[in-house]
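Naming follows writing order (A, B, C and D), and every chain is counted from residue 1.
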């Protein structure tokens, strides 16, 4: 029988002497063993960031652990986030009509490669209802009259909140949210944009890429913010194209890299490997 | 003894039925053998583009060959460009202070991997005089007060014209030319920009990339036009970075990809593998 | 209404003067227009290889076209292969238990990105029956006692021949065929091997890769021959790994590259872009 | 004035509870601050490996620091390696006739991007004497009659030992060492092999790659051991090729990746980022 449980702790605070030693000691005294640790100091803002993967006795919970760490949290002005690895995050996937990213996420989840529960699929179209059914995921069709449509957003938010959704994945969802929506789920929405941002932000990036005659096309997974295609970049990938590739070919080639890049970003988020600092995503991959 | 010579013919014209057959037949009648051929039809503009590598008797020259092809040139409104492979292009390299691209070009040339003669190095600084000397290439120090400085450009143009320069390579030359200069050497100036264009055009691209938190940095070789960093893209490459990479690290990592991408673009130009059509570079690589 | 049809012609013959001109002229006289052409001369064996994409009047068929070309076929000892682009190849996919490659092929096909008909899925296990059903593809479960099991091969061959299968795709089929089987479908079986061949041929390549501590893992699509993992390589791809990746992680990361590499190879085969010469696959991509 | 110095500590020992906490505490008590730390636990052998980058008072030296850590070194059976970052490693570069890797290393060193002193260049040929002179590095021409030639090795070892060389870089040195030589400098010789090992070990890897018709060629930097091309792999890279690439083209394309991969491996070694465990190189990059 398992007598241990595991947690990931994300820490950020002003950089100071002795930080790591005190934190490590406090964890040790609390009966925790450090399985993995990675750190980063942002020298521009003098901020220290650490991800610690611990195992600890089953008797602990977030409260008791936090209590143990309270003295050093206060002393070092730490922001701390604890997640137990047996808590699975609750995910909602937004889609429109394209299903390659959705399919990939559903298959990865089925194979045990995405540690989460996929609670629902929300779409502004009916097209992908069938896939949702096949994988046994509730599907909600919420028509959207225009980007930021308040009626639609109202229904979406209610669904997300009722089901305590932890992460929204925009798997080629072709609508933009209002500021209110974006802020309500700050750093909890991952979008895949089908270009190498900041090149070709906005609509029809492959058309833009074709016009420009680029020799590589890309995909960018980022946290969605109120400003379109401007949130912290989590991951990027590229694929080679040539003058021979029509826009249609670019779209086809791009699919491979979109789904891979999105899946990687989602996995890192689910494993608490990302801290956003100063609008940059620190990824402990 | 060689009784044959080789040439590369670049053809572009409105797409029509029978084009390839007539051109091939005309070349055959002129005693030419086709060693390699590659073609592309731009469906948007209905323009046919072909690169043909031929061998033909030593008795031919550009005039006689053109005379042979004249009937079909007229019939199909062909633009045609013939270059004999034993004619080496005359190259001038522009540099400022950084030498990694320059070094790479000089070493490739020394090893016989760039089919051209490097006639001169022109710089707005004295720093790289020494390398020029070592490789036996004339070095011209032409101070430039500001981008587009007419005095400097006057001297540069005179040098380039006096020495019948066919190709200007901007190997990390940190000044911008005037429209006049750019137009005088249209499609004869290759620049390396240290970003994945159109992302991060303009100055200090690695600083921009760092701020933006991108996960890949790139380099773009393109024909220089009057509009900064806007000319037809010949080749691009990327390299992975992470939050751990400082701007200094990005600059170091970027060097590897800058020199490789520039060298590839220069080689393709020297081998007449590029045709610019509709502001896109068609590369028969 | 369409008054034209298109075909792809693959040509190989001893290299000789005037080849391209004569072939082009013959096609022109037959009323064919050349839409695209790519050629390659193997200098070691002095063999000329060409892929020509033509359009021609609807009145033509393979016989009439071949008749037109007969004089130069004889003169130049050409081997010629004509395929009309409206003829779709008939494909059988072999699988075992893993479905990521199968899924990818079925989705690409559904989206119109693989020009073929998928006639059947054959498996030595029942596991993937469900997916076959979902996509409406007949599924044949043929248990295989051991690699090369003659009973199983007998049933497989009968199925393939009865349905006039043009291409067999081994989408992570974990059994090896007998020589007889491999020869019967020579250059008609595409296999995906989950390593960067010739490294890690044979079983459990990710385990081998882990042991060896490689920093990149790969996938190789190749024509299957009697000798295991030795047939002509069509396409390869790689993905980066580190010491942190367990074998399980490697397997997961490898899936992305396996399916992409296999799909690319299958598409090229379906578009008649591959000629095998001297055990090397010439790919006109 | 600097009142602090920095060191990198590499630790390996059997994995046990409380390890990190005790080590961190001991370093803290010794007045050290942890600037960066990365760890890895090999689950097969149950071995814990850590790289710690510290700053500490100038009063410390290796002896005093080791004394402070002695109790936990004993308790946890730690193997520990301390290097002060102001100690530069002493490097010898071995070459034959090709200079692209040598050039790259010398330029990186000149630009301050390789933290070491390049003490000498040793070659079995005279060809690269000139470059050595240009960069002011002593050049030793030691003819080698055959791989493992005891006379030559005797001279080489004497030179390396007299000059207290810490790292031998084989920058396309085309001779193999005897077991004695390899063992004397175990984990202190980095070789660049011009293939994606374990594919194409041994001689003429590009010829092997051409014959095999691979679509990617690679380069591998590894620690040299007595067994040819078998030592722990530090880094690998690849570049795409096609049927059009002759062996000569492959050699040219390969150069770009060889020098980049070698330089990366050398940098990581100089920054004490590599620990070899169980014949696998753990790289904390």
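Methods note: a residue touches a chain if its C-beta (ideal position, glycine included) is under 8 Å from a C-beta of that chain, and two chains touch if they have at least 3 such contacts.
Predicted model, so just to flag it, every value in this text is computed and none were measured.
Asks: Mind listing the chains that sit against subunit C and also against subunit D?
Replies: Per touch definition, common to subunit C and subunit D: A, B.
Asks: Over the chains that touch one another, what is the least number of steps taking subunit B to subunit C?
Replies: 1
Asks: Count the residue numbers both subunit A and subunit B use at their shared interface, divide by all numbers used there, and answer same if that is over half, different if under half.
Replies: same
Asks: Could you say what rotation angle superposes subunit A on its sequence twin subunit D, using C-alpha positions and rounding to the nearest 5°?
Replies: Angle of rotation between the two copies: 180 degrees.
Asks: Compute the centre of every chain as the mean of its C-alpha atoms, then state which one is farthest from the centre of subunit C.
Replies: D
Asks: For subunit A and subunit C, let me know how many angstrom lie between their CA-based centres, rounded off.
Replies: 38
Asks: Taking the mean of the C-alpha atoms as each chain's centre, how many Å separate subunit A from subunit B?
Replies: Inter-chain centre distance comes to 42 Å.
Asks: Could you check subunit C for residues that touch two or more other chains and list them?
Replies: Not one residue of subunit C touches more than one other chain, so the list is empty.
Asks: In the complex of these two chains, what residues of subunit B are touching subunit C?
Replies: 17-22, 24-25, 27-28, 33-39, 41
Asks: Going by the contact rule set out above, which residues of subunit B touch subunit A in the complex?
Replies: 40, 43, 196-200, 212-216, 218, 232-238, 242-244, 246, 279-283, 285
Asks: Once bound in the complex, which stretches of subunit C touch subunit A?
Replies: For this pair, the touching residues of subunit C are 99-100, 103, 107, 111, 113, 134, 252, 256, 260.
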